[in-house]
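Each remark here refers to the structure printed beneath this line.
Residue numbering begins at 1 within each chain, and the chains themselves are lettered A, B, C and D in the order written.
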Amino acid sequence: MQDVISNPQLLPELREQVWRANMDLQVHKLVTFTWGNVSGIDRKSGLVVIKPSGVAYEDLCPENMVVVDLDGTVIQGALKPSSDTATHLALYRAFPQLSGVVHTHSSYATSWAQAGAAIPAFGTTHADYFYGHIPCTRALTKQEIESNYELNTGKVIVETIGDADPMAIPGILVREHAPFTWGTDPHNAVHNAVVVEEVAKMALHTISINPSTLPIPQTLLDKHYLRKHGKDAYYGQK
Amino acid sequence: MQDVISNPQLLPELREQVWRANMDLQVHKLVTFTWGNVSGIDRKSGLVVIKPSGVAYEDLCPENMVVVDLDGTVIQGALKPSSDTATHLALYRAFPQLSGVVHTHSSYATSWAQAGAAIPAFGTTHADYFYGHIPCTRALTKQEIESNYELNTGKVIVETIGDADPMAIPGILVREHAPFTWGTDPHNAVHNAVVVEEVAKMALHTISINPSTLPIPQTLLDKHYLRKHGKDAYYGQK
Amino acid sequence: MQDVISNPQLLPELREQVWRANMDLQVHKLVTFTWGNVSGIDRKSGLVVIKPSGVAYEDLCPENMVVVDLDGTVIQGALKPSSDTATHLALYRAFPQLSGVVHTHSSYATSWAQAGAAIPAFGTTHADYFYGHIPCTRALTKQEIESNYELNTGKVIVETIGDADPMAIPGILVREHAPFTWGTDPHNAVHNAVVVEEVAKMALHTISINPSTLPIPQTLLDKHYLRKHGKDAYYGQK
Amino acid sequence: MQDVISNPQLLPELREQVWRANMDLQVHKLVTFTWGNVSGIDRKSGLVVIKPSGVAYEDLCPENMVVVDLDGTVIQGALKPSSDTATHLALYRAFPQLSGVVHTHSSYATSWAQAGAAIPAFGTTHADYFYGHIPCTRALTKQEIESNYELNTGKVIVETIGDADPMAIPGILVREHAPFTWGTDPHNAVHNAVVVEEVAKMALHTISINPSTLPIPQTLLDKHYLRKHGKDAYYGQK
């Protein structure tokens, strides 16, 4: 690591991406004050770039992002990394497919997390991004809260995803807390955070109109999800 | 068609209109990301101008709109047309009265579509534009979803409108999906998309205040609709 | 009247006030498209300045406001006055205390009107402006709708206010339709339109939290209303 | 005091802070018109700087803030202080820990106050700032309303807080009225006003999704509150 640390600006491109993704949380109105953070990983070196803790968005810049390794050791950065760093790292360690993680307290998604309820797949907007409901984790136990809380938050997310493909369910609600999302890079993880918030809002209004609304059938879920993902995708210009 | 294709910029005015109408979806906060599209038709040539698929709004310009014929063949354009093109074309073929079509996932209208409920005509705001409730289609069958999904979406809209005048009901909710609206041109179709969203929001709040609210009587529906439409209209400067 | 008509710009100051008040409907997000109008009266001459019908807000200017007399005859103006003019005039004729009238389809207030429910005085925000609930009129009869609809809308408002002081209840919900507000001048009437919308929003949320919420007691209503109004007022700098 | 009064600009720094905090109420969309006020205290001299009553935000400046002593006597200022001054002063007298007070009629928090309900600690967003539910006071009695209303509003807040640490519950809902918040300075008090509004919104949506949602367990409340406050805090850069 010695050689890496002596480098005056580790991972300048990833720093730029992570900084921009953090700023985009504000653009998309997903955060109040400092209630959100984005990280990205460089899979080659195993280094993660993450927002510093409790710093106002207007004071962020690519240069003050913090670089940590997958064990949480700060490799570069004068500031402390986000207090949620251990959660991000648990996700990167468990799911090699993902390279960006987002945590917010966005209003509607957090309301579902507080209500302890998964967001059902009520329509095609949901199905375009999530191949099934957006899960809500179990509550953490007293022991899990009292020591290594942030690590255990990550573990309970990993436990909830289980054998499912995390890229087909790129987000989750942590019960009594708030959403985490992820993606192929920090930008994509923010994109999924916007989707979760928008879908959460629509789902609340859907059950307000009709409390007995059922999730869409598997056929429609397949159609919309696979229209945008996988080898037979035909949405967009690819 | 050979001659038409060699023309360097087919239908420049309609391209401009369709591009501007697509941009207006953002102005009116009807879209998140690329979740919406507008088309317009030149009834003389039977050519349709439509947004390219999955392209960010800030990258759109009149020149990269796609020109297709009523069978869906791309006549001009380097990009793929909207994945919903077949739905738009089904509407243009079935209803010669309309010359603009809009699809969005606007938040409140989509919630009604997800709830599988028509939006009742609860007030004069609704009656100024829609001569009766805004219908919600039946769900598509497994077969209709699995092959020619977008075409079948158009067909089920046409089936739901039935013998009614599509210009007196210039929009619909596709169940489990989202709204489609139309109009005399792309601009007018966007106008109706704004109305559907606003009316959907009010209708949700109306039933939240009083779940047993009834639709307005036919006399008031007649008064408001006909005050703005038809030969005895007296709203506006015409 | 002859002399007045030859004047190239009748009531230039009132035109400016009415124009600005109409523009403020947009600033306060009370209108979608052209769904709102403001008028003001010059009590000396009995002339009313009102927004032209169906003209986009960005095309309005003091000069294209329309001047009508209390019988609705256009005294000056190339454009047709608002289609709701007869309602405004009925209010000016019945209530000499008021000199500005506003009509909007603002989202939450219109939802209460559609639900056919008065807005209870649930708190001091309400009591600072309305000395009691914001009434909702009865529905118009078939006959009242079919002929002289706009005039009858005004009459049913006047009937609902009855012997009450219209300045102590400076707004009302027309059932199945939308709010009208008024005030000492066009600016003040817009102010009250903002209050009605904000109070309508809070009242919906209040009953969502606690459906059995009761109106505040008369003592608190007295305290807040009279703190801002009447000879013992002590709010503000007067 | 004589000497202090002759000073042409008492407490210029606190004036600047209080003025800026008042302006921030608009930035954070917590106020409509003049429905809010912020004050700050200089504990050394016991002087309080507060917004003048009923003055539009755009006309405020550090120079027209009003200086009062803890008994409410105006020490410096040509304008009348906020009509809620006596409430602010009651809080400063009872709780020496706090140096900034905010009053708003922010929409969601006011709805909870109108519903007469405390905001339960439904999640970590809440627990990051409030060490338990956000209380709602009892209603004031007829006598308390009729004389010294604003002072009695302060007293009922103090009564409700009781023996609790006001810095661990930096805000409250006054029943039938609206929220008051406080903090270590005017800026911090505004910060807490934003939190109360955001938490109030989420709590309404939480019970709309699941009406039987329970508050979070004490362990999680401890974890989040103490992560940000007290000697073992590890959030942020301190």
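Convention: a residue touches a chain if its C-beta (ideal position, glycine included) is under 8 Å from a C-beta of that chain, and two chains touch if they have at least 3 such contacts.
Listed by chain with UniProt protein names: A, B, C, D = L-ribulose-5-phosphate 4-epimerase.
Bear in mind the structure is a predicted one, so any value in this text is a computation, not a measurement.
K.L.:
Expressed in ° and rounded to a multiple of 5, what is the rotation angle of the C-alpha superposition of chain A on chain B?
P.N.:
The C-alpha superposition of chain A onto chain B needs 90 degrees.
K.L.:
Same or different: do the copies chain A and chain D touch each other through matching residue numbers, with over half of them shared?
P.N.:
On the two sides of the chain D and chain A interface, the residue numbers are mostly different, under half being shared.
K.L.:
From the mean C-alpha coordinate of chain B to that of chain C, what's the distance rounded to whole Å?
P.N.:
From the centre of chain B to the centre of chain C is 34 Å.
K.L.:
Taking each chain's centre as its mean C-alpha position, how far apart are chain A and chain C in Å?
P.N.:
47
K.L.:
Using the touch definition from the top, which residues of chain C touch two or more other chains?
P.N.:
207-208
K.L.:
All pairs of touching chains, please: list them by chain label.
P.N.:
According to the stated criterion, the contacting chain pairs are A-B, A-D, B-C, C-D.
K.L.:
Can you name the residues of chain D that touch chain A in the complex?
P.N.:
Touching chain A from chain D are residues 122-125, 191, 194-195, 198, 201-203, 205-210, 213, 216-217, 219-220, 223, 227, 234-237.
K.L.:
Contact residues on chain D for chain C in the complex?
P.N.:
32-33, 35, 52-55, 79-80, 83, 105, 107-108, 110-117, 139-140, 142, 145-146, 149, 176-178, 204, 207-208
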